[in-house]
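Input: a single structure, listed below in structure tokens.
Letters A, B, C, D and E mark the chains in the order given here, with residues in each chain numbered from 1 onward.
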Amino acid sequence: MNTRTSLSLSALGVVAFLLGWEAVARSGVVPAGLLPSPSAVPTAFLAEVQRGIWQKMVVASLSHYAVGLALGTFLGVAFGTAAALWRVWDAFQSWVVRMLRPIPAIAWIPFAIIWFGVSEGAASFLIALTVFWINYYASYSAVRGVDKDLIELGHAFGQGGLIPRLFKIILPGALPGILSGLRAGLGQGWMTVVAAELFGISGLGMRMMEASGLLATNIVVLYMVTIALLYGVSDFLFMQVQARVLSWQR
Amino acid sequence: MNTRTSLSLSALGVVAFLLGWEAVARSGVVPAGLLPSPSAVPTAFLAEVQRGIWQKMVVASLSHYAVGLALGTFLGVAFGTAAALWRVWDAFQSWVVRMLRPIPAIAWIPFAIIWFGVSEGAASFLIALTVFWINYYASYSAVRGVDKDLIELGHAFGQGGLIPRLFKIILPGALPGILSGLRAGLGQGWMTVVAAELFGISGLGMRMMEASGLLATNIVVLYMVTIALLYGVSDFLFMQVQARVLSWQR
Amino acid sequence: SRAADPVKLEIGYIPILAASPLFIVDGQGWAKDAGIALKLTRFESGPHAIQAMAAGQIDLLYAGVAPVLVARTKGVDVAVIANSAVEEMVVAGRGAFAKALGANPTPDTFKKFFADTGRKPKIGTQPPGSVPDTVLKHWLFKVIKVDPADVELVPMGIEKTQQALLAGALDAATIREPTVTVTQQLDPNVTLLATGAQMFPDQPGTVVSARAEVLKKHPDAIQALVKAHLRAVDLIAKDPAAASKIVNEYLGKGLMEPKTLEAAFRGPGSKFVADPHGVVPAVEKMMGFAKEIGSAEGVIPVAEAFDFRFYDAAVAK
Amino acid sequence: MAAVIDLNGVSIGYGDSAPPVLVDVTLSVERGSFVAIVGPSGVGKSTLLRVVAGLHKARTGGVTIHQDQRPAHRPVGLVFQDARLLPWRKVVKNVQLGLEGLPISAADRLRRAEDALKLVRLDGYARRWPYELSGGQRQRVGIARAMAVDPDILLMDEPFGALDAITRNNLQDELRRIHRETGKTILFVTHDLEEAVHLADRIIVLGGTPARVVRDVKNDAGRDGAVFRDQVEKLRLEIADNYSI
Amino acid sequence: MAAVIDLNGVSIGYGDSAPPVLVDVTLSVERGSFVAIVGPSGVGKSTLLRVVAGLHKARTGGVTIHQDQRPAHRPVGLVFQDARLLPWRKVVKNVQLGLEGLPISAADRLRRAEDALKLVRLDGYARRWPYELSGGQRQRVGIARAMAVDPDILLMDEPFGALDAITRNNLQDELRRIHRETGKTILFVTHDLEEAVHLADRIIVLGGTPARVVRDVKNDAGRDGAVFRDQVEKLRLEIADNYSI
């Protein structure tokens, strides 16, 4: 299937989705005011842009998101890889990790406030946290699954030291799994942006909550669509890069 | 490293963690009342058990969790696999998925209320949702990564039809990746329990929010530890099962 | 401090109508005139804000009185220095339940509703121990004298109650301005079942509190701020239209019209009172009731949480 | 006798734009014949076999396989050049792969798998994981897997490539016996000319770039002696002449 | 001459509890010798090579490798029985694997990799992915990779197993030339007795369960003729006698 066909299929999918949504919104199945129709979004968009709010919120959230994502991804991959590589370290941390893992972002908020104040840093911290876990587990399992034969090959050819083994065998071998974690984190990060902006840090999430509190659902939907687009574009780009990076896979 | 050593290393890790926590709590670095020391947990535990609240909340949350996890995992693996297998379907849904993926649990709550009312079902739905995404992406990438040579092998030996190919080649081949998604979902599910119980469905999350509203942080921490233990045990058991299932990996 | 070197104060608020005086103080530049640089920080709920306050991240807070009192029992040194609004919480209902209840609710209307629909009415409120829960129970069990077995109370987050009410998952809910007005505008099925005064006379609402440390360090600035707060409360009473325009910049900019806010200011759910003295007995009464119904264990000393100096000085002049 | 494999002007390539690997292959294999395919490394022997097995589509030309439908058998059995075992199945389960989906009982399946393992001298290894095998053992599991389905057409891609002389001789003898007794059609890729002359009754030489059939000889050189050695030598020269990869 | 590989009463096994695969292997290989290791499939040839390469620990006994430290070279080069290429590296990058970390420039690295590829007749395939190669081509990349590091000790596990007669002859000649010119020590596992007699000056036969060294013969049978055939025949009988797997 070539790119053209696949793009038009995607467009078809989106159009079908929007039509279905519009139909549901107009049918009155859903109480008025809870689900605006997608055709209400452009008007809301223009209004928010004119007020200058949209741009400000997008920039703010993007910066929380970028910092959190970068930090969470890096640390998640690093710790996940470390745990998968050293059994002693793995055993030492495994139960501590089990205790920290299920703590929801909301429960971390007090700590974020204590450590970072009510600041951008706190929001990035919360985003980093969720992204961290996803990457931690994805990397852990990917590194564990690297073909032992290839590691042996590395040893045979002088690449058995930690650094060359890591960068020439283990990380490339685990790359498909690690990238799948990265991709999952890409989305999970956006899902957390809203929770991370619940406490006074401005951005899309805060604006959404504000609008939702005042039942201005068309604005809520506008920002949901905004998030969807931002994510969609980044995920699309990620997939393009991934296809390049993994071109050695058939 | 044998099981004994590994268990005692884990115990060491947990003890070090608890000691560090106790030290921080006592040092006064963190404002009093925001971080109770772990030694406050047993008292809180006894009190809650005597009131009968603890048991009730644990059972309630476990049931939301189990239903949500099962549903989300099953659907996530199914849809992720389907998208990875059929290019046409993949292209059709890819952008719709991109639009739905970043929508946070909190934003789904109105829909959960509309569809399920203020009911257990709504909580399970929200948990299923987060778990769904993680499994969707993990399965998608795992299925994509299955060795094409083995699929060819299946064709050569009459296992090229959809069902045998799926169950004899693709799913076993993708199993390590799928299981890694399952495991990530296991934790993400608990992270969502709290958010899912924000709107009137009783369980650990609700009790935590209640306590947090009254700044009864020792109760909050008790339930956090409860969640940690529940998750820890399930993750531990999962790892045991996984080690069995993947014993063909060196 | 010199005029060129303004006192920096960080103030937290919950985005509700009762925080309006703060918005006016900031919007009119009254704080700046007094040599104070304000930084406003929004919080979704009182507890989160209190946590930030306890961590020393914010200096003052516009929020419910309950979290402040609770924080004090946890050793956080904060004090109430002025009041902002009272009788905020109202009960809004919808559909068949609202119709059945009418203007004169009696215990029998609840029983009849059950008989007609086969289910108990669901009323959304916040968790036990919170002000909304306590005053709702007061209204139900003390004022109307409903049999607790005839009604189902659903505790949830503030914002979720509105959504659930609109979605028809609840028959009634405790909400406060400006969402009372907004909800009614959005769905004509939603009607006001009880005002704050009917639920619990003088029910405590939003207060202005500050960290004790800040009170000690910048008494002059705080004094000026309380004065500005009084001025703002006056403005709301005198000119709700002008007030609503200013407030709209902070609350629901682009999400609702100043008209809506003005309607909210004039509505029955809005009663701005700056004097904190009256709050003390009301809180004590409410806590007495909370203890009676078992949603609070002990009674917290209320009076010592209040620091009347600034208000008294402000009105004396 | 009837042709069971019919290739007609077939050309084969990888990808859509790359030059073809094999061109203009016209070949008709009669039922019950034992055909060896030889040629330099990378000429396209495995590729040809995969096209015959239906695993790869020819770019042009016609590929016809006349399959008998016998119950409880698969028409075609394939031995891959790499052993290609499913790592998550123990040896005996790997051997049963082709038997699954056939209308036979589980006990029968197990019996046939064990018989096939006995054939390749791996009776004791049924419960091992693939990673616990040596290279030659893995290859023999691959042979057993193809044998277990008792196919009419047996496609073997260097099946004895990793085996020592004795094991190899044993298996060659077994293969000859099976061919004689069951009349299977065998297509046998080998890099070993002695083996080709030793086993096959027809030898096809691939060569050139892109590759084509450069020689197609009937082989009745016997199993030993001077004629045998002559035949091997003749083939060696033939390949050397068309050796271009 | 000095021994470069010294095995002293070595026994080797997999896991902790399984019976050993090889026992009581005492072996001393002199610098510059060309030793062939033969034996039935699964006897432990690959295992022995992996122990010598330091990839697997012996259970008991002493393993000493006397390595010269020459700059820009690795002391040991290993050709695996499976090609074992890194799937995420193109051919030329795979060949460079062993050169990385050595104190040579990138240009030198490339040049040496390209030379090694030329040696195995794969000059045109440098920019291919491993999955785009035929079985024999893959094996040759593995050989090139070991050759590129220019090791003193070359361990080869059935390196020519998947190659056609001509390519194989070419590479055998190259290997002999390299051995003659550089004086490398070569340990060469093969299943092909002719090849062993043809190439090596010493042949070690492994056999039995658990396996041990059953024969260790000096081979001066020449490259051809009657003596050559005698030697092959003698070895064949030897292996058959000790054939128990």
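In the analysis below, a residue touches a chain if its C-beta (ideal position, glycine included) is under 8 Å from a C-beta of that chain, and two chains touch if they have at least 3 such contacts.
For clarity, every value in this text was computed on a predicted model and none was experimentally measured.
Any chain touching chain B that also touches chain C appears here: A. Among the pairs B-D and A-C, the greater number of C-beta contacts is found at A-C.
Computed from the mean C-alpha positions, the centre of chain A lies at a distance of 36 Å from the centre of chain C. One finds 16 Å separating the Cα centroids of chain A and chain B. Per-chain Cα centroids separate chain C from chain E by 83 Å. Chain geometry summary: the mean Cα position of chain B and that of chain E are 50 Å apart. Of all residues in chain E, those touching 2 or more other chains are 82, listed in ascending order. Residues of chain C found to touch two or more other chains are 51, 55, 163, 167. Among the residues of chain A, those in touch with two or more other chains are 31, 34, 110, 114, 209, 212, 249-250. Per the contact rule defined earlier, chains pair up in contact as A-B, A-C, A-E, B-C, B-D, D-E.
Across the complex, chain E meets chain A through its residues 50, 53-55, 74, 76, 78, 80, 82, 84, 86-89, 97-98, 100-102, 129-131, 145, 149. Residues 10, 12, 15, 41-44, 48-49, 51-52, 55, 57-58, 158-159, 162-163, 166-168, 178-179, 182-183, 186-187, 252-256 of chain C are the ones touching chain A in the complex.
Taken together, the chain B residues at the contact with chain D in this complex read 149-150, 152-159, 161, 164, 168-169, 172-173, 175, 247-250. Contacts from chain B toward chain C in the complex involve residues 30-34, 109-110, 113-114, 117-118, 198-200, 206, 209-210, 212-215, 217. Residues of chain E touching chain D in their complex: 14, 38-42, 44, 46-47, 81-82, 121, 132-137, 140, 157-158, 161-168, 191-193, 236, 239-240, 243, 245.
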